[in-house]
Every structure is written in C-alpha cells, then in structure tokens.
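Here's a structure for you.
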Amino acid sequence: MGDWEWPLILFTVLGQIAIGIILMLWWLARDRAHLDGQLFKRGVKVSGGLLILALLASLFHLGHPDAAYRALTHLSTSWLSREILLFLLTFLAWINLYRQARQLSSGHALRTDSATMAVAEIEAGQQTNSLSLGLGITSVLGLSGIASSAMIYVLPRVPAWNNVGPVLFFLLTTGLLGALCTLALGGKLLQNTQKKFLLKWSLACTSVSLLIYVIYGSMLSVSIEGAASLTFLLNSPLFWARALLGWFAPLLLLLSLLKRPQIDQTHLILTVTLLAGVGEILGRALFYLSATGIQITALF
Amino acid sequence: MQTFRNVCPRNCYDTCGMITYVQDGVLKKVEGDPKHGYTNGKLCLKGYTYPRRVYSPDRIKYPMKQSPRGSGNWTRISWDEAIDTIAKKILDLKKRYGSTLPICLDKYSGNFGIVHYGVEGTMSSIGYTTRAVGTPCWPAGIDAQTYDFGTLYSNDPEDMVNTKYLILWGQNAAWTAIHSFPFINQARERGTKLVVIDPILTSTASKADLYIQINPSTDGALALGMARYILDNNWVDWEYARANSLGFDEWVNYLKAEITLEWASEKTGVPKDIIMEIAREYATTKPASMWVGYGMQRHTNGGQNVRIIDALGVMTGNVGKSGGGVNYGHLETWGFNYNAMVNSAPQGSKGFVGPDGKVGDRSININNFAKDVSAQSDPPVKMLWLACRNPGSQDPDTHAIEKMFASMEFVVTVDSFFNKTVEMSDIVLPATTHFEDWDVMASYWHYWVGINQRAIDPLFESKSDVEIAIELSQKMNALQPGSCTFPTSGTPEEWLAKEFNPGIQQMLGINNYKELLNGPRKAKIPAAAWSDGKFRTPSKKIEIHSDLAQKNGLPALPIWVEEMKTPEKYPIRFMTPHPQHALHSQFQNLDWMMTANPEPKVEIHPVLAAKYGIAEGAMVKIYNDLGSITVKAHLTRTTSPNVIVSYESWYKNSNFNVNYTLKATPSDMGKQATGNDGLAFHDNFVMIERA
Amino acid sequence: MSKQLGFLHNSEKCVGCRGCEMACKNEYQIDPIPQWRKVFQLREDDFSLPSRMFISMACNHCAHPECLRVCPVEAYTKRDDGIVVHDPERCIGCRLCTMACPYDRPQFNPAKKKVEKCNLCYQRIDQGEKPACVAACIPGALALVEITTSLDQKTGVLKTLPGLPSPQITTPSLRFVGPKQGKQIRRD
Amino acid sequence: MKFFEDSSSQALKIHCELLLSLSQFFAKGGEKLPHTLSPLLKSCLAVDNHFKPDQLYLSNEVLANYSQANGEEYLLMLYEFNRLFVGPRAPVAPPYESVHLNTDHLVMGEQTLTVRKLYRRENLQAVWQRHEPDDFIATELEFAAYLLSRIIEAQTVRNNAKVQLYKTLYDEFWDHHLGLWLETFAQLVAQSAKHPVFSALSSILSTLSKLHPSNTKEANYETFAPQISRRSSCCCLQPNPIQL
C-alpha cells in the first residue's frame, strides 16, 4: 500500500483545477463577447495562482528540490519529464494570458462609450479571438500536461494504475472542478445559459466519474494486487467519505440547482464546489494509498 | 590503503582469517583472508559488519562508575581512578576476609584470543579467587568423547570432502559453521548422501537428502536402534572394534538384550524403515562421517547420547578413518604458553582447601552462576569481575542473575557495549576490539592458526585485558608491594610473542610467530583423528566400557538413559538455539543487523498456534515458573507441534531475552574435562498464550 | 548492447546465510537502511514440503528496466554489457523508480534523500574481479553469468520461482536453479 | 548586531571566549561542570550585552541559577551530561561531527579526517588524535576560537592580509563543519534534555549558529607558525610534532 502523498495530491488536484478553469474560460470565449472581461481576468489570476501553488507543492515530493530542473532531461521515455515540460509550457502560456488580461482593462473601458461602440465591438471581437486563442493554447498544453501526469502512474508494476483509469480520473477532476470553480468565480458575471451549461457539464462529469469508477472497480479484481487495492478502498472510511462528498452530495445539489434556477444559487454553488473539491482531494489521496505493486511474496 | 591480518576471535567453529583495510588509521572494510584454507577468503554475515562494531557511537568509550549500581547514574573516571578503586576494593576484601576468595571471576567466550587468557591471569596474580568454572556450550559432549577416546579430537573438517555418507546430528552449519559447506558440497557433488537429524528443520536440514525430525533428546535411542539393526545384519567391523576398544562385546550384549527397533522407533518418532535405511547406509557406505552438533548434547542425557553415537562410529569402524569420524571438536592446535594466564599467587596467599586437600582457587559452576555465587558463605562472594562474558543476558534464569548481582558489594565489567551485565555493574572498563589488539587465534573445529595484528589504534580509552592487568598490577604493588604478581611491562606484541613455544611452532611449521604475518598456518597433524590408534583413555583404547564414567556416577556403557519428561503444567518445549544475525549477545545490536533483522520472533507450528488462537505476527507470551517473555509469532512447519523455537540474541533497545524462562538444569556430563556439567538449554518447558 | 550480464542463483545450494547481503554492505559501506542485495526466504506453502528455501536478489539489470524508463533525470544508464548503472549524482530523489521496480531493488536512502542500488560492482568487473556478493558466496550459489539463449536452454535453469513477479514486466537478467527438496521424516 | 558585521577586536574576543568556554564545557566533561559552568555563563553574558541576541538572556538566567547550585544538583547535571554525550549507554547526542553529518552515523568518518587536515594546515593536531575523533565538538570549538584569536592578533599588528586570510579560514571552517551540524546537535539535545541546564546549552548552541552569517570564500593558503596559547582553556589541540 502507498503513502499519504500530500505534495503529489496538491500538485495534481490544484494543477487540474487551474487548467480546468482555463478550459472553461476557453469554452466561454468560443465566440465573440460571451466571455465577460472581469471573469476572464479573475479566472486567469486564480488559475495562475493555483498553478504556481501546484508547481511549488510538487517540489516537496523531491529529495533534492534544488535539482528539480534536471527532471526535464529524460523526455525520450519519462512521462515525468514530459509532464514537467508541458506544465512549464502551460505556465508560459498562462503568462501570456496574464499579459492579455492586463491589456484587456484598457480595451474594456471603451465599451462604456456608446459613440465608439462599433469600434469597441470590433476591438473586443479581435481581443476575444486572441484571448480564445491564448486560452485554447493554454488549455491544450495543460490538458496534455495532465494526461502525462496520469501516464506517470501507468506502471506495469501497479495493476490498479496500469490502465486508462488514471488518465480518465485526472481529466474528469479537471472538468468537474474547473467548471465548478468557474461557476463560483463567475457568479453574476455569467449569463444564465453559461451557468446552465457549466452546471450541466459538472453534473455530467460527476456522473461519468461515478460510472467509470464503478466499472474500474469491478475490473480491478482480475489481478491479485488490483483486488488488494479494491478491498483496501472498500474497507476505508475515507473512500465512503469521498463517495458521499465527491459524488452523491454534488449530484443531488447539482440536480436541485438545475431544477430551480430562480433561487439565489451563489451559496449552493460554493457548497457544491467545496464538497466536490474535498471529494476529489480524498479521491486522489486514496489513489496513492490504495496503489499495490506486484512484488516478491516471501516470508522475510 | 594498508592491509593487516586479523582473525575473528568469536566463539565460533569457523574462526575466520580476515584482511583489514586501513586508510589514514581508519578501518575501511574487512575481507576474508584468501590464505586461510578453511575459510578461503570469505566471511560470514557477522564478520562483514565489523566496521560498524568498531566505529559505532554506542561503544563504551571511557572507564565509568555507576552510583548506585543499576541507577543509570554514570560518572566518567580516569583509568587511574578506576584501577585505584578496584585495587583498593581488592585489598580491602583481602584484609576483611583474609583472602581474595570473595572476588569471583566470570570470563568465557566473548573473545577467544589466546592473549585474552590474561583475564584469568589477572585473577591468579592477585591471589586465590573464586572462579566460574566450566563451559555452557559443549561440556557434555566433551566428556562423552573424553570417556570414549580420552579427549575430544576430530577429523580436519576439510576432510569431509572424502566422506561418502554424512550425518549432521543436531548441527546447523548454515548458521553456525557456514564455511564447512564448500567441503560438504564437494562431497555431495561426488554422490555423498547428506542426512540431517534435528528436531528443527533448519536451513541446513532443508538441504539434506534425508531430514529426520527426531523427538528432542532421543538421539541416543535412534543410534541404539541403528546399532541393533547393524548388529542383526552383521555389518559390524568386529576387527576394528575388538582391536581398538574395551567393552565392545559387553555393549553388544546390551544391544541384543535391551534394544529393539520397535522401541527405538517409538521413542524417537522415527519410522522403523527409516531407522533401518540409515543404519544400513551408514554401516555399509565407507567411509561414513558423523558431525555431532552442540545442540544435541544440551539435554539431561546429552552426554550419554553422544557416547552412544561414538559407539556407533566405533562399531562400524569409521573412527580413525579419513572421510569418517565422529566429529565434535578439538583442542589440538591450542598448545600455546598461556603466558598471560599463568601467574603464581602472591606470597602467603590464602586459598580454598579443596576436598583433595589442595589449596587453590574456589571453583563454582559457570552453568549455575547465580545460585552458586549466592551459596558461597566461607567466605561469601563480594566482588565480581566480568570479562568476555555477559551473564546478564546469556546465563539461565535472568531473574536469579539480577538478584545475585544486586547482592554484590562491587561489580567490575570489561566490555565494548552497554549490555545487561554492564547495566548491573559499578565500574565498566572499555574493551578494545580485536582490530585494536595483538593476538593469536586457534579454532576448535578447523586446523588453522592465525595471527591478529593491531590494525588501528584503540579507540577512545579502550584497553585490552592484558593492558588492564598491567595497570592493576602497577597500582596494587604501589598500594601494597607484592600484592600482585602480574608483570608490569611489555608491549601488546611482546605479550603475543610470549604465547609461542617450539611445540606450537613446529606444529605450524614456523620458526617465529612473525611468519604468521604472511598468512595463517595449518597444523601439521593427520587429517583423520585417531588414525594412529593411540587413544588417550586410561587404557589407551576406546573405552566403550568406561570405568571413569562409572566412577563419576554415570553408566559405564553407552546405554540408553531416559530423557527429561515434559511436565504437565508446561507441555511445550522451548528451544533457544544460536541465532543467525548474532553470536550470543554480540552483533545483533549493530545498525546493519537491526535493519536486516529488526525484531525477534518465536517459531510456532500452525497446529499449536491454532490451539492457542495465535495468528502470524501476533504477540505471544511464553512463560513458566521462572518468568516470561513476549515475542512476535511466526507460524512455520519447520518446527513440530510441541516445540517452539526462538533464537537467543541481544537486540538494541530491547529487553528480549529468552533466558528469563530458562532453568539452570544441568546436563549429564562435563565435570570430568571441564570441571562442571553442562546446561540442558534445550530441556526448557513453557506455556504460551496470546499476549 | 553487445551482451547482457546477470546473476545465476542456485537455490539448491543457497542456504540463506546472508553473506552476500552483508558483503555488499561491507564493500560499499552502505548506510544502515538501504539493502542493495537482500536474501528472501521463500514461502513454505509454495512448495510440496515445508523447508527453508531462499533467493538472493539485488538489482536484476533487466533487459527492459522500468527504473530507467520512468527516471526523469537519466540517473539510470544501461552499459554495453547490460549493467544498469544508477548515478546518485543525478538522482533527485523523486522515488518514481522505487514505484516502478517490481523487485523493490532501487532503495530510497532517507539519510541521503536519494535512491541507491546495486551496480553489479561494474568497477570490479572492469578490473576482471567478481562482484563482491559473488566473491563472498560461501556455498557457491551465486554466479555472474551472461544471459544467453543457450543458458536458458540448459535443463534446470529457470526464469522465475514461486513468489516472484512475472519476468514479463521487466525481463530481469536473473536465472535460477530451482530449490531441490529431499525426503523429510516429520512429526506433524 | 551580528558577528562579523562587527569585527571589532572586542566583538571577536567575546565571540572567541564563548567558543572557548563551550569547548571547555564539553572537553572537561560533566564531572567538571562546577568549573566550566560559570565561565560559560560569563561569556554568554558578554555575548548578550554586546550582540543582544534574542532569547539568550533566558538561557543565561538558567545558567546563572544553576552555576550557584549545590553538589547534589551538580551530580544530576553530571549524570545528564553523560547520558546525553558520553555513555556507557549509547549516548543520546554523540558529540562528534561525523555521527551527525555522515549518513552512516559512525565515528571516524570522512569529516573527522577533513578537520584533521584543517588542523594540520595550521600545524596543529588534536591531542588524542587516532583515539578520540578529531571532530569532537570541543576540539572543533577550540579550533574555531583559535582562528578568531589569530584574527585578533593580526588586527592588533594591523596585518590586513592576515586578518582577511583568517577571516576566510574561519568562515570556511564554520560553513563546512561546525556550522553544518551545531544546529542539528542542539536540536537533538533540546529534544531529549531532562535538565534545564542542557536545554539552556542547546539554545546557546543554536544562538551561536544563528548569529553566524554564511559565507564561503576559499582561502588562498599560506601557513603561519601555530600560536596556540598554552592557557588552561586550551586542551584539545596541540602543536603538531611532525610539523615542528
């Protein structure tokens, strides 16, 4: 059985939230003027903050963080090298977004002036294009970064990991927490359609995540080590907490949110985001804890 | 990088030749000495940990004084103060009791270097003292072979390559004599069958062609059954037996009259057909060799069982033959001067008047140390001197030891690590390791002798036993001229040189001890013990009928003597054989060992474990009237359902000590050659429960 | 890669004396925790008769070393003779190799915060000496061999033993002569 | 105010005295605490007045309090000293650099030999060389003090080259040896000390290491004849007979 890997848990989950937010912004900015400037700025700032935190957290996993830069040197076969590279590129792309966010303010001011509305429309339009390009690039880099983090754990030695599971889990975390955090950040800045979409999307992610986990779990038992992981999970109160906080509670809340759009949702959204966040953190902790490797079975 | 020659001085069959690598005066690593023909440039797992022993920050560094004893309140004192305190105490006791008999020495096998007999010399030189006499390890077997052949004397173990049939009888070479395996393997590669007879399926037994899990303490019965079958089939070497032994026919009559295969099988738990099989094979495959381990003689009838096995060897004419023998051990290569040991008592010393009227030391039983020390009244024992010895964890009945120590006036211990004995001492003196000493070591198994150089300077303020004796002598003579006869000069190397004599030099084919610096030497004696037929018994023959044994209250013949019966209250036999990662209380406390073997275990048969609801890894309380220990269970079918096994050892920061439950039950023999009967370590009975 | 060196462990001769384990520590004066080479006692139930049977295992210098594949800093390199060498200078202590190796032979040294493992004494081999463990093996159970098809065709040479991970994961350069069990007269 | 930001002879003297009194404390052992505690207190007070390091006054109060202690109290301190640093039971905090800095935690490690070389560069050697490890804390502290005393001498004769050289040597020795393990050692003592004096000792040791600024210039080397004073307060180092 593995250990409680705080650095890795924080690195993966925070990184995935950050990229999830960018991804959602990208979707919102998919065509002109849908993405509110304020939300864009807020989103970029928050995701950047999370990304930095994530990268810092990852250092604590190393015996010699000072030499972390060397981790870039084995791109040929090491998914860890690839992950680091992609996350650094994502970070660069984010810096560009940040630059755009700062310029945006000037562009934004124009809107208020009705006389030059036309100009503003165009400028805003161009901006949105370049924005969505920037967001697009960041998201793609980020998503591939996340995919490579997942690939690190696809180890023949660890049957529970040696499958598509890790990739799916990591991406779903990205989608779910990305959407929820965007909702939480967006608040009034989001149009109802956008809200609705994000809620539906979150709902989809949660249910898919639950579904996949069930299938994944049932497949674990084919190998001895996988079975060991499974029994560990089912016997761990953590797992049931994770199920409750990360799957069932969010499902109910999201459904009720979609059913009754009229009521003020801010608090509910915050709650569901929080719950899902905790759920995912526990989920990630269990991911590491439950890992059982194929090993020598001897007496001593 | 400089290299030095050393020899491992531990109480072990193999007594390995070592090469020590030293740089800037620091010991870097150790290797086996390729010039040592028996250990062949290889060490055991323990030997390789020596650098950790020498440089462990846990080592005892300075003379220290504890006040009061057992309080853990230690004061560092100078050598001068330590020796002054000790000297004054000795003189004070001498004054109060008119002799030095209140001073008791307990020294044994912590370091078997010849110069270390200076410990005994230290005591002799202050007067007549009380001495823990005997050996816990192997005395019953020694006496058995002394009654039969006149002394213990075995074939060169390298001669095992010539055997065609090999029985290891209660011997776990894989753990205690690993260097014999290449020779055993050579023989096996040429088709020799290996039979291992042992109550425990040891690592050695696991390699056997035939493993026989015998009822403990019934080895003699098995040998008698074999003898009867050999007799019935007339596979007896009458010529050899009648020509070389006394009382053979008398024993044959006993076999005819008293022994049946059914009885032997019933006693030993070994099926009849198996007894017949090994009897036939052993008697008809020539030469056939038997290696009698020390484990099998640690019983109340252990010596007698060895005598029976000896007789089996004689009956088949396997004694005195290359590739044969009933091999147990030898002291042929130990003919040194013991110069450091032989010091006459000071003028006018009063001694103990023995039953024979001789004045001398007062000897007490090393194997019942606690009780015997406490039993002395005229004069009582007031002071203990302990060197090369850790009774605190190695003697039977630890509680009794604790009580006895508490009753002492003064306890001095010389040691390198803070073990249970040091814990109960007033003064501890830091001992050197063998890398910091000059010495010479012989083996009680192989025929090689090697020199041990001082490879590094003694660490901190550690001193060798002889250096301590010199200081003590200087001090005592200053305080009271003539009160100590130990020489007050000589460098460690000079002391080593004084141990050699023409006899030993001739045996080793050298003219000067310095020649040993080029490599260990093998004694020039025949590979087959007793091949000259000159036995050392009173009759100069093998004494199947031994009047000496009879005189000592033992059966004259190698006949069956009943084993100790399992008591109702304590139905489980608790065996505590030698460990793999330690030699008694040495080695296991070192960091490498604590990583490789972090905790003690007790081996329990699944059937027995189930009976007491004990699961793998559960903690088990093992207890009897004497005391109890609690240890982790390991379920294994390598033991039998009525025997549990835990290997004696001293773990760092642990009070695990099997001897809390071990009664000081004497074995049947030992008095004749070693002064006291041995210990029936393996006749220990307990009860278990889930802790 | 011109050849593949590896170990041949004769479980028939090995008595589990652990000399190899400590000879390795002595040769490199390894810190207390890491065990480059470790002797394992096989489970009794995996064999027809209960007895004490052992394998001695260090790094298996696999043909497909997972440690080398996953290591982000190229601390692992595979020599022409197939020896997988770990360079502690490069290691940053990410411990991914310890997750990836089915034999747990890359060992994390908490004192150095880096991973260490057996490098098959390549310095000794380059000077024509035997690896320390092989040189120290008293019963002659451990040998340095070249892993070849002809070796694998020899009768009695096994690729794995009960209790060991499937060799398919990393194709270890370790071969066995299986333990032989004699006749046992038991009291249970 | 920190050491070396203030390299006035007075500051150096105070620093030097602290090192020496600590060296004494360890060298003379628990048995001599009645003689080594007050000097330690004295030098700590001087440090406190001059540099005002935070918290030091607390330890000083403890020292002040216990330096007045009666014989019995001193016995308790003695037993604690031996439990922590000497034995015969495996000591809690062995006072040797290599035990803490070398990952195998043995005495006579590589650090022991490197400090031996440093001493030799100054034509000095540990008094019990080859028996006592050269990286015994008292010896290292005394050597540090020695280097400071050389700076002071050089300052008085206005030999700036020499001042610079010995400052560099001092930094080098501190940064590669004492400075590397003193804090760890202090922590170990703090964790297991059962007597206030040793908690105080621990904080004095950490004050010492905290106050020292890190600085790693290599010295371009030329040796001067050793000037080790044969004052009673020097007992671990002696002129190297081979060199002289």
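Order of writing sets the labels: A, B, C and D. Residues in every chain begin at 1.
Note that in this section contacts are C-beta pairs under 8 Å (C-beta built on N, C-alpha and C of every residue); 3 or more make two chains touch, one makes a residue touch a chain.
Source: prediction; values computed, not measured.
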| item | value |
| --- | --- |
| Chain whose Cα centroid lies nearest the overall Cα centroid | C |
| Pair of chains with maximal C-beta contact number | B-C |
| Geometric centre distance via CA averages, chain D-chain B, whole Å | 48 |
| Chain centre separation (chain A, chain C; CA means) in Å | 41 |
| Inter-chain centre distance, chain A versus chain B - centres from mean C-alpha coordinates, in Å | 69 |
| Sequence positions of chain D contacting 2 or more other chains | 105 |
| Overlap residues in chain A, where contacts from two or more other chains coincide | 299 |
| Multi-partner residues of chain C (each touching 2 or more other chains) | 29, 32, 44, 112 |
| Touching residues (chain side chain B, partner chain D) in the complex | 24-26, 51-52, 55-62, 64, 72-76, 418, 422-423, 428, 456-461, 591, 652 |
| Contact footprint of chain C on chain D as seen in their complex | 103-105 |
| In the complex, chain C residues that touch chain D | 29-32, 109, 111-112 |
| Contacting residues of chain B [partner chain C, same complex] | 28-32, 41-49, 51, 174-175, 178-179, 181-182, 185, 194, 201-213, 215, 269-271, 274, 580-581, 591-592, 594-596, 605, 607, 636-638, 640-641 |
| Chain C contact footprint on chain A (complex, rising order) | 61-65, 67-68, 70-74, 77-81, 84, 152, 155-158, 291, 293-300 |
